[in-house]
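You will see subunit A twice below: alongside subunit B first, and alongside subunit C after that.
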Partner chain A sequence: MAYEGDELLDEITNSEYKYGFVTNIESEMAPKGLNEDIIRFISAKKNEPEWLLTWRLNAFRQWQKMTEPSWAHVDYVPVDYQDIHYYSAPKPKKELSSLDEVDPELLKTFEKLGISLDEQKRLTGVAVDVVMDSVSVKTTFKEELAKHGIIFCSMSEAVQEHPELVRKYLGTVVPVSDNFFAALNSAVFTDGSFCYIPKGVRCPMELSTYFRINEAKTGQFERTLVIADESSYVSYLEGCTAPIRDEHQLHAAVVELVALEKAEIKYSTVQNWYPGDKDGKGGIYNFVTKRGICLGDHSKISWTQVETGSAITWKYPSCILKGNNSIGEFYSVAVTNNKQQADTGTKMIHLGKNTKSTIVSKGISAGYSNNSYRGLVKIAKGATNARNFSQCDSLLMSDKCGAHTFPYIEINDKSAKVEHEATTSKIGEDQIFYCNQRGIETEKAISLIVNGYCKEVLNQLPMEFAVEAQKLLAVSLEGSVG
Partner chain B sequence: METTQQATASAFVESIKAQFPEQLKQSRGTLVGNASYLNFPTQREEDWKYTGISFLQKEKYNFSRFTETIDISAFRQDKNAALIVFVNGFFRSDLSSELPEGLQFSDSVNHEFPEIGERKNMFTGISDAFFTGGIHIQVKKSVEKPVEVLFLSAGGQSVSVVKNHIEISKSASARFRFLFRSADSSSYLTNSITTIHVSANAQFELDQLQFESPAATHYNRTDVTQHRDSKFSINTFSLDGKLIRNDLNIISEGENTETHMRGLYMVNGQQHVDNHTLMDHRVPNCYSNELYKGVMDGKATGVFNGKVFVRRDAQKINAFQSNANVLLSDDARINSKPELEIYADDVKCSHGSTTGQMDEEALFYLRARGIGEESAKKLLIRAYAGEVLDAISDESFRLYLEELIDSRFHWNNV
Partner chain C sequence: MISIQNLHANIEGKEILRGINLEIKAGEVHAIMGPNGSGKSTLASVLAGREEYEVTEGKVIFNAKDLLELSPEDRAREGLFLAFQYPVEIPGVSNVNFLKTAVNEIRAYKGMQPVSAKEFLQMVKDRSALVELDSKLASRSVNEGFSGGEKKRNEIFQMAMLEPKFAILDETDSGLDIDALRIVANGVNKLKNKDNATLVITHYQRLLDYIVPDFVHVLYKGKIVKTGSKDLALELEEKGYDWIKAELGETV
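== the complex of A and B ==
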């Protein structure tokens, strides 16, 4: 039978944030502010080994010397880093009790999304590691995975049980001093997911974590590390939700992927955090560093993202193609509505020979929002026969929004073949007219057209995510028809 | 507090100021002092990310009116065209020809120019304070013959600071050709700033040839304002020079304008060419098309940064932008950054950027038909460059450019 965690899951997997809610779990909070003592407090709370504390403190000292980046095409009220609780953990005994706590309006939204709670429970092919306010509450399917030798646990557990793996790979893809937010995350990360797929193993199920920012005024600093050993395969899903908050909340996560020889990692994200209200009040600041490295030959990393939430998105999932014949892929749909701002894209760094990368980015701007694609394709000298194809399309749905494309292309090898193309256009009036004529109302017609426009990306998502994402697009663009 | 960049810039500006002719200092007034507060561009700035000019700090340039006799016939293309000559930035009436009717010309040293406010940098500051000449022209009615303006550098270590202003009156049309050439292979600095006003219903075509000495540094900025129903075309050919930086800013201020921007940069050795373009669509119902093509050989570097900006409510804009590059050697590099910044929804805008090498199969095809490797490569590059060259309305000028391109590259080494 379903255990308590399932209800929790049900609530957090799908929702449109008209009706945010707060889970009342008594938190054990660190005082506001950030200094070395707070870092020691977090480290001690989590019973971490000495090397990790040193690593955190080093990151903190580097962070203090850094300045917040301002190059992105976004505009926001600056974050007061001393006004955040850097640690809050739900007390282990108390968990959310029943479905009754769910707002009936929210259930209606679920219905609108077409995912009944019962159906949710039946999605048994998905193992979920729930991260609630920084500490893993529940881990499922662990035994099943253990049979294959797969390690899938929270980061704090991994630090205790597999310190050698964590120590070997943590910070190798995203070094502590990589950027302002990565350094901050390295200093104060409280939890996250850890995954290791052993040699030759094809992970039998989609691994997933659902993040949730829950406690008021807590920054969420997740750290995810996925390692695919030689000839292994894993598909990892990440979905994000958060309840309504008046004050801006900061999310600065770091995700690191390591693919060894012939390994393949597929990382899919549906991000639907609270975007703030119509006037741009509230909403999440999503400043995330995601990067994967194709360390071994013939390895592959594929990022797929559907970004509909957050007030500010600053996110560039990247691939370092170090191994020969390695492949990097980036498929993205970014939707901004009302006063949302997104500056997102990817970096493809070609170092190995015969490396290939594909970038498909679809931006949709509505309302007063701004949506930018910012990407880098770099072909290093000696990366012979590198190949890149990039396509960045933007769709504008109102005359008050903006769509921007800032691709950087740096080529240092003559054998490289690099193509980039971008288009910006309005949603086709003739297409809408065609639908209207056939009795499809404008709102539905737009949803239809947008889904067709994003098909290339949505097709990359695992089945259940794809369904969710399609509906999410429709909900996100609700009321954007002018 | 003065930053290092400011200190470097003021040292550089001071070295130029020291050489600046006394008699001109008076007329420039405070601008002479203003120039030194600007920053010396470094690669930490987004605008100069791929172009380093720190070598300029070691250079000492001087203003010199070159008085020796020069045979300029080798530098001009069309013997029939009207000709205006500047040597080291100074107007030479003795070398210039009579101008056709409809043009009102004077040396810009006799005019006052407003300080460049937007997107200013050290070079615009130097230009504001220390320009020694340039064309100041009003095209009052259509001129059939092309007008050639030769900017010649001679004698070495010279600095040419020219400021040009061209105004095309309502419904007039004209074709101008700027030839930036060198009498020798010495090192020098060219700083050329041109403002162009294309009035309502007017047409203007500007062809720029940058065929400088291999040791020369060239900063070029062209600011264009287009009014209602006007048409403007600019073709820039950067074929020789140590470092060439072109900033092209076009503002479309009236409806129904048509704009064409084309560029061809072919460089080898250690050369560096940087093209920055900005197409600013401020009003609805306009069209712009941009095509820049590059060939990089040796250790040369190409930089392209094109931006299309569509302002709020500038609806029904069709803006296209394309950048293509061919790398011929292992050490050649290209950095391309095409940008779109769009704030209106009923628009069609696109950009594309491609980079590749010479098509092996096409080469094989030609060689299999008995065409030698060198000729085959030449043919392919010509065909590639042809797309830009074809845009030149004057056929003799196009043929002239093709010859120049052939003389520059020794394709057997490719």
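== the complex of A and C ==
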């Protein structure tokens, strides 16, 4: 990919978190705290069928019995789950059919985010679903997609319009009791995106979701479900931002992907939640469960993530390779600066025969941050001829940051071939000086070097996202030399 | 062009440059020769602004500016270029993107608009032809996996792209095969004009057959101990450095 690193960088003038504005939109909130009544309130607000309420309540009961995981290499003030609003919807909350009906304040927000829907609609061919706080605001391009039989809508809408699909797949990849945060999400999720690609359809455009937490003291618990039916293809993008706030905010999303026979799902994330300030004040706790299942033979799921934001990231997009000859991929760049902490990686669970997985993880740590890769490659008995290749690189930008790699490998079939490579390097003074000597200042040099280091991953992203990701990398690492 | 006056520099408390005086005028080519470890690369690094070296004494005037006051990138933008003895690899950054960034940084410093894509591509085409650089190398990552000779050739390609006023070539000839040496040297000659100057660091007089110097200096233990015409290089080639040491009163 030919990228214009220099031009991108010209745009970046300061290292402040530029998405840190708050939109002044009236919103409707549930009272703080979590109990069965709140769940009933959410479910009722959303006019949900009985089975879903039951499902939520079951999740809640399971969650109450669970404890927050503590094995990750992160350290934080515990979340007070009773001090969060579990429902916040921008008002008015009626169905919006044209952009004119969207709250102008909201439109301004999107403009600041650089995703003017209007423009998106006309120019880019990217269909966008925007989830603001908890509610999906607008899905563009719906008509165009409908022509191909593609369903792309908010989760709430899907529950109303396509209950059979939701009911069939919801919680099948990430079961309610999978982990503490997934259980919490299952109990209280308020919206998210839903996508179904019918048999044999190649989705003609990138589908995209933008998540934004706006209200104070709210948590965001969106639920995304992507189903690619036989021989279909979809590329799905996800971006996130949040305003600057002093207190920590919780983001506990669940994403489930289902790929049927010969289907392919490419899921890309550029995560830029507010990371907190230099001293670690504020910032998003990003505790996310993402998992895909290659259910059918010859199916493929590919995760690409560029993680630059959040105070804490706890995230392991995974693939269950159930179908024979299925393929799982994980490409990740995780940047931590200042006091950020990231514990991220993937799980590749090989169940089918001749399954293949590739893991490429690039960690970049700066400041006082901690960056861990945690990955599991599991080859089940009978998963003959499974292959895995893992490459985990760490780049250190300072003497005070940390990089850690925790690769777990479980092989239960002798025919498996698993390769793991790992490197740790410090950003080279020689490289920086070389750039300086060609007239390139240090900040820009670092950005060039880091973008080069991440190239393998950035190349996986669709063009417009790659550009965004490069900008973010540069911004995240400003002032990190030394 | 550049005036180096009584330059002293240390690394890790050890004095490497011990009073260098050198005057280079526009249009001139100077060569520096000298035994291993005498401080040739150190001089190049100090001029380019490498921070590890501490300048303890002396002054360098470049384009009527106090060179030592400028940051390394500003020195480059003022027109100082160093072809490194050991060019660095930058994985994942294409040569072309790297150079475009460099060209535009330098242009911005001079208050010029960024180069247009078309103009830039034409430049790449012309200048890579000048040193007969394989066009594939231009799009590969900076020096990554380049052979020793390719790296050297790439340095001169970069020089051609950046059009410096003053270029220091630190052992650009080492690692080049016989044909490459001729090609690269011809490239350097074509870039030469009455407004720029070149400082060639080399161990071999062979290079100086192609790039004919106006002056040859011998650097020894951090000092220029002898200056002559290009014949001095021939003499060194023949006799080695012992006679110079002897002249300095050292026992050999």
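Operating definition for what follows: the second predicted complex is superposed on the first by the 433 of 482 C-alpha atoms of A that agree within 3 Å, B and C clash if a C-alpha of one lies under 4 Å from a C-alpha of the other, contacts with A are read in each partner's own complex, and residues count from 1 in each chain.
In the analysis below, a contact is a pair of C-beta atoms (placed from the backbone, for glycine too) under 8 Å apart; a residue touches a chain by one contact, two chains touch by 3 or more.
Computed from a predicted structure; not experimentally measured.
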| item | value |
| --- | --- |
| Contacts of A:Gly452 with subunit B and subunit C, given as first, second, both or neither | second |
| Which superposed partner A:Trp71 touches (first subunit B, second subunit C, both, neither) | first |
| Partner chain(s) touched by A:Gln431 [first = subunit B, second = subunit C, both, neither] | second |
| Partner chain in contact with A:Lys381 - subunit B first, subunit C second, else both or neither | first |
| Contacts of A:Ala403 with subunit B and subunit C, given as first, second, both or neither | first |
| First, second, both or neither for A:Ile440, with subunit B first and subunit C second | second |
| Which superposed partner A:Lys417 touches (first subunit B, second subunit C, both, neither) | first |
| Common ground on subunit A, meaning residues reached by subunit C in one complex and by subunit B in the other | none |
| In the complex with subunit C, residue positions of subunit A that touch it | 2-7, 428, 430-431, 433-442, 444, 448-449, 451-456 |
| Residues on subunit A engaged by subunit B in the complex (per definition of touch) | 71, 381, 394, 396-426 |
| Touching residues (chain side subunit C, partner subunit A) in the complex | 48-51, 71-73, 75-77, 81-82, 84, 87-94, 97-102, 104-106, 109, 114, 141, 158, 162 |
| Touching residues on subunit B, where the partner in the complex is subunit A | 46, 50, 312-313, 315, 325, 327-357 |
